[in-house]
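One structure, as structure tokens, below. Some questions next.
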Amino acid sequence: MLDLQGYGPRLIEGAGVTVQLAVLSLLLAIVLGLFTATAKMSRHWLLHRVATVYTTLIRGVPDLVLMMLLFYGGQIGVNAISDILYDHYDIDIYINFNAFAAGVLTIGFIFGAYMGETFRGAFMAVDNGQIEAGKAYGMSSALVFRRIRFPQMMRHALPGLSNNWMVLLKTTALVSVIGLTDMVRVAAEASRATHEPFVFLIPVAVAYLLIASVSEWIFARLQKRYDIGFGEH
Amino acid sequence: MAATPLEVRNIKKRFGDTEVLKGLSLEAQKGDVITLIGASGSGKSTFLRCMNLLEQPDDGEIILHGDAIRFKHTRHGREPADWKQVVQMRAKLSMVFQNFNLWAHMTLLQNIIEAPIHVLGKSRKEATDHAHALLERVGLSARANAYPAQMSGGQQQRGAIARALAMDPEVMLFDEPTSALDPELVGDVLKVMRDLANEGRTMVVVTHEMSFARDVSSKVIYLHQGLVEEAGSPDDVLGNPQSPRLKQFLTPNY
Amino acid sequence: MAATPLEVRNIKKRFGDTEVLKGLSLEAQKGDVITLIGASGSGKSTFLRCMNLLEQPDDGEIILHGDAIRFKHTRHGREPADWKQVVQMRAKLSMVFQNFNLWAHMTLLQNIIEAPIHVLGKSRKEATDHAHALLERVGLSARANAYPAQMSGGQQQRGAIARALAMDPEVMLFDEPTSALDPELVGDVLKVMRDLANEGRTMVVVTHEMSFARDVSSKVIYLHQGLVEEAGSPDDVLGNPQSPRLKQFLTPNY
Amino acid sequence: MPDISAWFNDLLSGNLIFTPTTLGYYWDGLVTTTQLVFLSLVIGLVLAVPLAILRSSKRKWISLPVYLYTYVFRGTPLLVQLYIIYYGVVFFDGIQESVFWPIFREAFYPALIAFTLNTAAYTTEIFRGAIKATAKGEIEAARAYGMSQSLMMRRIIIPSAFRRALPAYGNEVIFMLHASAIASVVTLMDLTGAARYVYSRFYTPFEPFLFVALIYLCLTFAILFFFRFLEKKLLAHLKPQTP
Amino acid sequence: RDYDHVRIGVDVPYVPMEYRTAEGDLTGFDIDLGNAMCEEIGVTCEWIEQEWDGIIPGLLSRNYDAVMSSMTINDERRQQVLFSEPYITMPSAWFAASDLDIDEANEETLEGLTIGVQRGTLQDNYVTDNYGRVADISRYSTADDMVLDMDAQRLDIVFLDFPIGQSTLIENENGDYVIVGEQITEPKEYFGDGFGIAFRQRDQALADKFNDALATLKEDGTYDEIYTRYFGDE
């Protein structure tokens, strides 16, 4: 049997961190992605420009570097402001990014850019007639979005979404550099302390494969759900 | 006296450099069935789409029951001043499309109750009961839980008509409702439309079915290059055309 | 006396439960143009594809110039015993497909020289010279460096014929070579095929173009449900059909 | 005017981040990153082509092992793969005495191996998709003209699949460039490693990371540009054009 | 600002200064001393883990209020943070496998070797500036990675805080390691004035409290007791 030398509970805790981080980041990324896609399709030039710069820059720079930049840089920026407030106005607001929140924000922010592209393609694939029918029956834009565009878009977005999720899941392994104790970090720490890397890294690899397999299954179910009404029956 | 359900005046519309509608007017009194005919590209669809503002007319007025749509001018051209007003107005003008445009991710029943519940604010129960009555009427009771992709074109179009009826519209707009159908399926749809006409629905219909226009409509309008070339009772316009163009247009169909 | 270029005997083929070919034979002498006609699903394509073993017949013989293809029986059914032999045989039987199937990533010229160089082992120079002559012949000299996607259907099909000719085949097989073409483009391709027939090429052609069959072929075979229903000279088969099914098959085309 | 130059001198003199020494680190980092990414991509590509062919095989016992390989390498983080290969190799007894030791001793080679295996897995799947998408008719035509299986692979399927895979492969190249940023966790001074070093020496995170972010951005654009050029050249045949 | 709760940043593991037992309990000289000081001052302490690379930015960005993590006081760091009085002085030393046949580390003997250091430490700066031209330098995030690579024979020699090397290498059963040359404490520009607790510049008041507490603990013998716990009596 695998002897985890007492690190078992911490590894499981780390796996919990990995999953929570990944899921919350995914949610944030989806929300950001929807905004970005909408902005990119809008006729408002400023929104369009901002969204384009966002997606281009983010996709041009490695996650790890972005994480360092956003995490440290972002914090130092926030602090500069709170320092000024403290020095000059004696206002002591204390804005503390906890590492977990920072991790979620950073990963969510990065993958929002990728999601934006996925959603944009998916929105454009929705038949315009479906949307016109919604408008023609007196639906407001918001209602059309919620009841027609979104559910139909999801069908086209899911394959890309599932890809992005897999990449995102693996990206969470990088958060140890900003001080989060995910399962990779626990495994790395344990292998340093015990000098037995295989014992800890292999279970972690298996855990990732497990999560990947489960999510593949979930995505297949989702795809089936959103495919209802399309294609042959 | 009740106000006119739908009145449009002097509608103009250009796409880029070409003026597609050059000032078109139309008045639909309660119970009127107005058919729009004309060659391909004459502007029939565009005119119809301007009526419920799926296209924004560059000029002209649209008045429902004496209530005129308000416009404003923006950088992008003329636009409705109050989108709320447009949304309310569209709920009273139900459009039936050439390609049906039933929502693909919903069953037929869901398609029909969607707008009554979310736009008119009906209860689900009430909407569903009404929907079943309508399905009965268009002969689709058995297909309530089918998805559009599982139905034939004719069934889809009858479903789309039921969806339009579910809004209890003041005026129904039809854009070539049978032209995407196989010839065998056209009859069912036309029959449903004829019933609607007989029961006194106000309708504006773009069609190529001359026999339908002749039998059912109270008024026929022949469009040519964005202008009304001839208009009047079906007997006058179809039976005794004046302009050479309309004569030529009618010839191959006889 | 030279042996018969292509002889097939008693070909049988089933897909799953249905027997599609029920024992078909055919003999093509040098210079013969044999046309296969028949309703959709009668097995014409399958028969043609069995001749060069794109489908494996379940029974029957295929003999090229007196040289019979050897078969063996495996778990997966009957298979050629010697794939080398099949490859050599295919090089002598050039097929022209309904959808042309030019290789999309190569220019027309590259398409034509590909098999002569890599299958027949010709030098590039020799293959290219020959290719240019063939392109001239099918009227495509100007398009040698175009990619298939940049050519019209008719051009692609003429290119495909040039590609087939480049193999100096003993027999050419055509599977409805014009049925994927717009009507205006059909003429060019038929003209090229007529020239080939006149010059004495041995050809087996599946076609729906009755006038082509009548004018060009030396023998017409009418297939019905995997069997030869009638066969003979075009005048007999097309001009004086005996079986009621063939009569009915020919009617709408006249 | 003198104001500006004085300001600029102030900036540089008070500035520990952009000295000749640190710029040297960045340069070395750029070289390491480029080498690592380039080599792993080239080797990965060479591996991926035969793997993709095996993966497309109808025979389960051929395609399954390749599938398992791609599944594992695509399903786990590159960081974990890198750790396992870097720290793992030394647990083979006697590796230090073997001829392979000079290779595994340097951090560069374990990293190269990890990156190569990773990109080969992704590339294999990309190619497999492209091979699967080859038009049936083109394959039939090849068979009908007497091409053997291997000739057809070499002349028809691979060249046409390669072209079709180009856009997806371009993305993979960019992902690989980005993924290479983790090389610094095993002591490699790649671009990110250089930034981390400068940062941990001078405690100023913002400037070095921003600087390398810009370099990465430039590299990304260069790759995008290159692939756009390639696509224009190699995918000409897919664009219908009226003569 | 008045603190009644002080968050202290620390990089683990760094045996025996700060590390975790397998159960996950934080322990070590810094931890015990820090806790004792907090008790003396009358505040509660919370330890927050942070990799060394980001330990100063983490302080500046208020992830925690102090750093007590074997941090040597030197001028470069003084520009960024405020230090307490040194609480322990610790020399650095070279460690190598016993079969690496050198008695002293200098430009000649180090030529061509691979030297391991922890990235961003004073040892890193010292080695980089003095031997960067003649030797290869591998930089690690943690001291334990370095030990792992010493065992793997990827490194020829490492330069470390003396007690760390003592406990992780000399007492390590995986290899046979020796100290090369003398313990090193000069020049001060690199080796500074011993380990201090780092605070943000503005928190002079907090630093003063810790300084007072340190003095008290040294007087009443608590300090000596903790010292013996980790370094024995010498």
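For clarity, chains are labelled A, B, C, D and E in written order, and residue numbers in each chain start from 1.
Basically, a contact is a pair of C-beta atoms (placed from the backbone, for glycine too) under 8 Å apart; a residue touches a chain by one contact, two chains touch by 3 or more.
Molecules present, by chain and UniProt name: A, D = ABC transporter permease; B, C = ATP-binding cassette domain-containing protein.
A quick note: this is a predicted structure, and the numbers were derived from the prediction, not measured.
Minimum number of contact steps separating chain A (ABC transporter permease) from chain C: 2.
Path length between chain B and chain C in the touching-chain graph (shortest route): 3. Contact analysis places A-D first among chain pairs (by count of C-beta pairs in contact).
Work out the mean CA point of chain A (ABC transporter permease) and of chain B, and you get 45 Å between them. Centre-to-centre spacing of chain A (ABC transporter permease) and chain E amounts to 36 Å, using the average Cα coordinate of each chain. Taking the mean of the C-alpha atoms as each chain's centre, chain C and chain E sit 83 Å apart. Separating the CA-averaged centres of chain C and chain D (ABC transporter permease) is a span of 47 Å.
Annotation for chain E: residues 53-54, 57, 60, 145, 148, 151 touch two or more other chains. Of all residues in chain C, none touches 2 or more other chains.
For chain A (ABC transporter permease), the set of residues that touch two or more other chains comprises 72, 76, 177, 191, 197. Pairs of chains in mutual contact: A-B, A-D, A-E, C-D, D-E. Within the complex, the chain D (ABC transporter permease) residues that touch chain E are 87, 90, 96, 101, 105-107, 185, 187, 189, 193, 196-197, 199-203, 205. The residues of chain D (ABC transporter permease) lying in touch with chain A (ABC transporter permease) in their complex are 71-72, 74-81, 83-84, 87-88, 91, 174-175, 177-182, 185, 192, 195-196, 199, 205-206, 209-210, 212-213, 216-217, 220-221.
Only residues 52, 54, 83, 87-91, 93-95, 97, 99-107, 114-115, 118-119, 143, 146-150, 163, 167 of chain C touch chain D (ABC transporter permease) when the two sit together in their complex. Every residue of chain A (ABC transporter permease) that touches chain B in the complex is listed here, in rising order: 43, 127, 129-130, 132-140, 143, 147-148, 151-152, 155, 226, 228-233.
On the chain E side of its complex with chain A (ABC transporter permease), the touching residues are 1, 12-13, 19-20, 22-24, 49-51, 53-54, 57-58, 60-63, 142, 144-145, 147-148, 151, 174.
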